[in-house]
Amino acid sequence: MHPSGRQAGQMRPIIIETGFSRHAEGSALIRIGGTEVLCTASVENRVPPFLRGKGSGWVTAEYGMLPRATHARGNREAARGKQSGRTQEIQRLIGRSLRAVTDLKALGELCITLDCDVLNADGGTRCASITGAWVALRLALGKLVANRVLQRMPLTGQVAAVSCGLTSAGAVLDLDYTEDSAALADTNFVLSADNRIVEIQASAEHAPFSEDAFNSLFALARKGAGELFEAQLTAVNTAEQP
Amino acid sequence: MHPSGRQAGQMRPIIIETGFSRHAEGSALIRIGGTEVLCTASVENRVPPFLRGKGSGWVTAEYGMLPRATHARGNREAARGKQSGRTQEIQRLIGRSLRAVTDLKALGELCITLDCDVLNADGGTRCASITGAWVALRLALGKLVANRVLQRMPLTGQVAAVSCGLTSAGAVLDLDYTEDSAALADTNFVLSADNRIVEIQASAEHAPFSEDAFNSLFALARKGAGELFEAQLTAVNTAEQP
Amino acid sequence: MHPSGRQAGQMRPIIIETGFSRHAEGSALIRIGGTEVLCTASVENRVPPFLRGKGSGWVTAEYGMLPRATHARGNREAARGKQSGRTQEIQRLIGRSLRAVTDLKALGELCITLDCDVLNADGGTRCASITGAWVALRLALGKLVANRVLQRMPLTGQVAAVSCGLTSAGAVLDLDYTEDSAALADTNFVLSADNRIVEIQASAEHAPFSEDAFNSLFALARKGAGELFEAQLTAVNTAEQP
Amino acid sequence: MHPSGRQAGQMRPIIIETGFSRHAEGSALIRIGGTEVLCTASVENRVPPFLRGKGSGWVTAEYGMLPRATHARGNREAARGKQSGRTQEIQRLIGRSLRAVTDLKALGELCITLDCDVLNADGGTRCASITGAWVALRLALGKLVANRVLQRMPLTGQVAAVSCGLTSAGAVLDLDYTEDSAALADTNFVLSADNRIVEIQASAEHAPFSEDAFNSLFALARKGAGELFEAQLTAVNTAEQP
Amino acid sequence: MHPSGRQAGQMRPIIIETGFSRHAEGSALIRIGGTEVLCTASVENRVPPFLRGKGSGWVTAEYGMLPRATHARGNREAARGKQSGRTQEIQRLIGRSLRAVTDLKALGELCITLDCDVLNADGGTRCASITGAWVALRLALGKLVANRVLQRMPLTGQVAAVSCGLTSAGAVLDLDYTEDSAALADTNFVLSADNRIVEIQASAEHAPFSEDAFNSLFALARKGAGELFEAQLTAVNTAEQP
Amino acid sequence: MHPSGRQAGQMRPIIIETGFSRHAEGSALIRIGGTEVLCTASVENRVPPFLRGKGSGWVTAEYGMLPRATHARGNREAARGKQSGRTQEIQRLIGRSLRAVTDLKALGELCITLDCDVLNADGGTRCASITGAWVALRLALGKLVANRVLQRMPLTGQVAAVSCGLTSAGAVLDLDYTEDSAALADTNFVLSADNRIVEIQASAEHAPFSEDAFNSLFALARKGAGELFEAQLTAVNTAEQP
């Protein structure tokens, strides 16, 4: 059981709303319980310097949190003049996760930037960002295919992410902020719909944890990811239906 | 007439939704046509160094724009490592405007930060920010009074802002982005509900403009502000009704 | 009456000295009472990226204050590593004001940078900067025309700026630092010699002020600007006479 | 087999030299094949603000790479004016890994900073840093115990890290730079000597990979870590023998 | 002979004007030929952290160049966001030079900041800064003594600086910008009026130079410094005469 | 006599080890007593913008100190986000010193960066950096000549540097950190093997010093440099022998 009474293997409610952003080629406002992230996909006709003239595109991500997305107001990174190490780590993770399911050659010399901005935070923001970013990316690519900018869909898979943690009461799925703060181990699983691994980040909080515990967390993650894959498809289908 | 067909003196639809932010002491998601700004008021038990021990509080503001709030994606200021001159100018304006209707002594040694983050931009974001920030501030102060942290409401007035511009077809109220880009003069009026002036910013775009034109713009602003004052009160009343 | 005994509508003494800077294409050292600003115009054979190949030039401005231009020493912005919001706001204002009276097409692909550095500060530095910058710009353009780099003078007007403020004793013209610190409303009027408006910035300091007060301030500004236009022409004529 | 001919489960030669740094309380120069990292532990009589007066110490880490540690010279981060996202990610990982085996209460109000500077890079620098940092930390703590600054050794375990990767020829242990660049999946395992998990970072490079592959990589990591634990103990014992 | 026709051992005209800065406790506008530097001394009732409570004062310096002090406009350091290495080197030199003739204990817990801002540059700006800064410092200290803030004058000597260079025609005194650009060796001598050395900086420009050449440059410097010491005393006496 | 018992004119032991850096075209790990600096020379096929297309190469230097090279841990410049004035001053000195003995035309359009990173500091790090950088540069250029990238060796001389200081007991050669901290005057002499001057930096610490003292320091420096020139040649010959 979660401290909140939720079952150990139960996800919080998942809502994915598309089209919130008026200008982006694809967008998803994803809500997982009290966490809410606006994910937008922006298509630009350029590639970073290291790819110029190589016939390949790029997918990258940026992550941010509104100052009052959190319980106590945090500093605005733009005002502080730099992104924190945590922010950079998360946006690198989002970028790698989405590139793992994109055929960059098939994208041609386009760059897609996934902006994930947390409007309300209650744990699991990096996972919600990845899950929502896939929807935004999928919708943007869908438009490029529909408009014949691209010959075929460059996505090679579906990716979603979920956090699991070891609490004093055992392994639980989809930690909220309070649970996350108290967890003995904190893990983020980025998985693909064909049952493979995109990224795993597992961290002991105060003391090392056992391989058995890791395996329990992994099993919960598989379950949670299944629900996320479904919610993603529903959101895409709803957005694209004529 | 506006180029879009709207009447010269007609505001775009105004929608103010409160409570969007789960953690802020006060919040307003304000929509003026296609412009959408999330305004939050955060109360902190501290004052800036220059006010320490003086028995007075402070109200300040920060402004930001999500990278894809705009037609083409803009750079993320946190990633660039600094806020633009435009951003700083706007957030200074918001702060001054709200302080002009706050009795800082009555606030005690509290600091209220108004964060105005543009989720979708279609012209007039600084004006929408001020108008929304007043609602967020009013709600946060209302809670402080209700919780007896404050003895009385420190607000001394109601403030709202609207932009007007000189187009080739004459003076118009509440410019959208396309109109703003083509305007010959661009003005922002921050006004109080008791018919006084808080701030005026008027800029010629390509050539100086006449005092008569200025007076027409001012008259339109008074009209638009009236509608905004009403929408603010409705939002506050709805939020506070038992 | 000014607190200092000066009449409400009386400017402080105006002195504009040209040629102080040995290298600049145009320069003016402007003194308005105890305020002293060195304004230089630098001509460069380049335009900013967004204008490349468009057959148009650019006029921009930078503003600074020597650390001990003020009563108490201020931080050096170069040492702090960034320009304050106030500095950026002022230099943006100077640039816009001068562009409003420049035909950028007639300038060809040249960039003119107006550097306004405050050597001594006693209120009204942004207004003195604009007034002095016009002289520096005019002299630099005069040389370009004389040297046949330009076919005709790209200036379309004459611009000057003056501050007015509401004191407890009523509206006064050309505030010095002490007056400015105590003013109830602070306004800057950037006007053209043909009686039009280039920029207006009006700010309530502690409480909103009335439209009547605004109109009194505007009337004083018109008067003060008249004296500045005359001083500008005298300075230019003296500098250019054979 | 490794592309280099090394067996799939064979570590590169491990050499840990202590005392290279003349001033640090503990230091280890660790060489894993062609990778060489200088790890120092610095003890300071202070704690970060969030721990002041809480009777608890802190362990933190910083990571850097000499500009020419790599095949082609990289930019010096101090000259660029910021640490890259990769650097910050690595130093956060090192800090977390060492804190997981330190009893911060037993440390008292001391701060230990682990500096890991890469002198020569040939893959696996973050893992070598963690493994070397444990030795530096252990030696510094040993001195504090010997000098009776601390009553007992605050270390609760032994930690080491090793990278494994999926190459076209299968899973291999301890990737060098060339292998790392070509890997299909890249994993870093931070493990404790009592057979538990401190951190796992697993990333697919171009496409998701299977759970079976992950398990093979984990098994190799356990084997490699065993050799590292032994080398650590030998280094500590040699350094501390009378 | 100088390329300009000036004798090898002849200084350019020296003019030191005091009181240019209205607010500084001491100020000197020094002109050496076409080089012009405004030096101000600001007295503050604080010391840097490393001196707190030690009963000793501090003298420090900051240096800047107006963007158009030079032939071609240079970047504004405040806008670039950092001081160049050259700027930092010069301001460190100025600070060291003045501290070498100040009894910091006799200063009490005061900090004096010497700001040296180049208004027009034609070679030798760092030397002119030191020479002018001594006058500004002397005047500020004179006031502190006159006002009985200090019991006695904390200056222990008189310091001035001059550049000498090796041109193709031999050693010359007080290089202007054109000469400096072509010099084979460039030296700055900071000397005290009692014939001692405060600082020497000697740099070969393209190839090493002989000790004999160095000795010739040193002899010229002694001569030039003599003239500067005289000009300094005249300026101080004029400023202080009743 | 040195405070440590070393003779006034005696250098500390000099050891220059080549090849420590695995990737650099030339490298030298220089130890002068307890000071240890890793110097690498990196050859790149590019020149800085101001030299493009001019048929000339460039030699530049960067300097850094590991945080715990010193007795007490210093801040990491990369983490602070900028290089100190001292660091910049030193790296500019190293670059100038090596360029003074390099024929940049003979180098062709190549850039050589000399990175000098202090691993252990005990005084004289800038001098050790210059001495070691010459060896690294010489070895890198030797390879370019051997590989026929260059037709002839672009070095025009041999350069080394040594510090001397005035202690209460008189002039001494090659100050260690403790001596340096207490010195009355601190000098750095960069000399060429043909008995000429590359750079002299002489600074009074608390009071000006006499020309006689300067001459004694210079004489010691000549002696010390002789030993350094010999050690450099031995290191180069050993590294290059077949």
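Per-chain numbering from 1; labels A, B, C, D, E and F assigned in written order.
Rule of thumb we're sticking to: a residue touches a chain if its C-beta (ideal position, glycine included) is under 8 Å from a C-beta of that chain, and two chains touch if they have at least 3 such contacts.
Remember, it's a predicted structure, so these values are computed and weren't measured experimentally.
Asker: Return the chains shared as contacts by subunit A and subunit C, ordered by label.
Answerer: B
Asker: How short can a path of touching chains from subunit C to subunit F be, counted in steps?
Answerer: So the least number of steps between the two chains is 2.
Asker: Based only on mean CA positions, could you tell me how far subunit C sits from subunit E in angstrom?
Answerer: 32
Asker: Centroid of subunit B to centroid of subunit D, CA atoms only: how many Å?
Answerer: Those two chain centres are 51 Å apart.
Asker: Rounded to a whole Å, what is the gap between the Cα centroids of subunit B and subunit F?
Answerer: 59
Asker: Hey, what residues on subunit F touch two or more of the other chains?
Answerer: Where subunit F meets two or more other chains at a single residue, that happens at 81-82.
Asker: Beginning with subunit C and continuing through subunit E, what order do the ring chains follow?
Answerer: Here the ring, read from subunit C toward subunit E, comes out as C, E, F, D, A, B.
Asker: So in the complex, the part of subunit D that touches subunit A is made up of which residues?
Answerer: 82, 85-86, 88-89, 91-92, 96, 100-101, 156-157, 159, 185, 191-192, 194-211, 214, 218
Asker: In their complex, what parts of subunit F are in touch with subunit D?
Answerer: 20-24, 27, 34, 38, 40, 42, 44, 62, 64, 66-73, 76-79, 81-83, 87, 113, 115, 117, 119-120, 122
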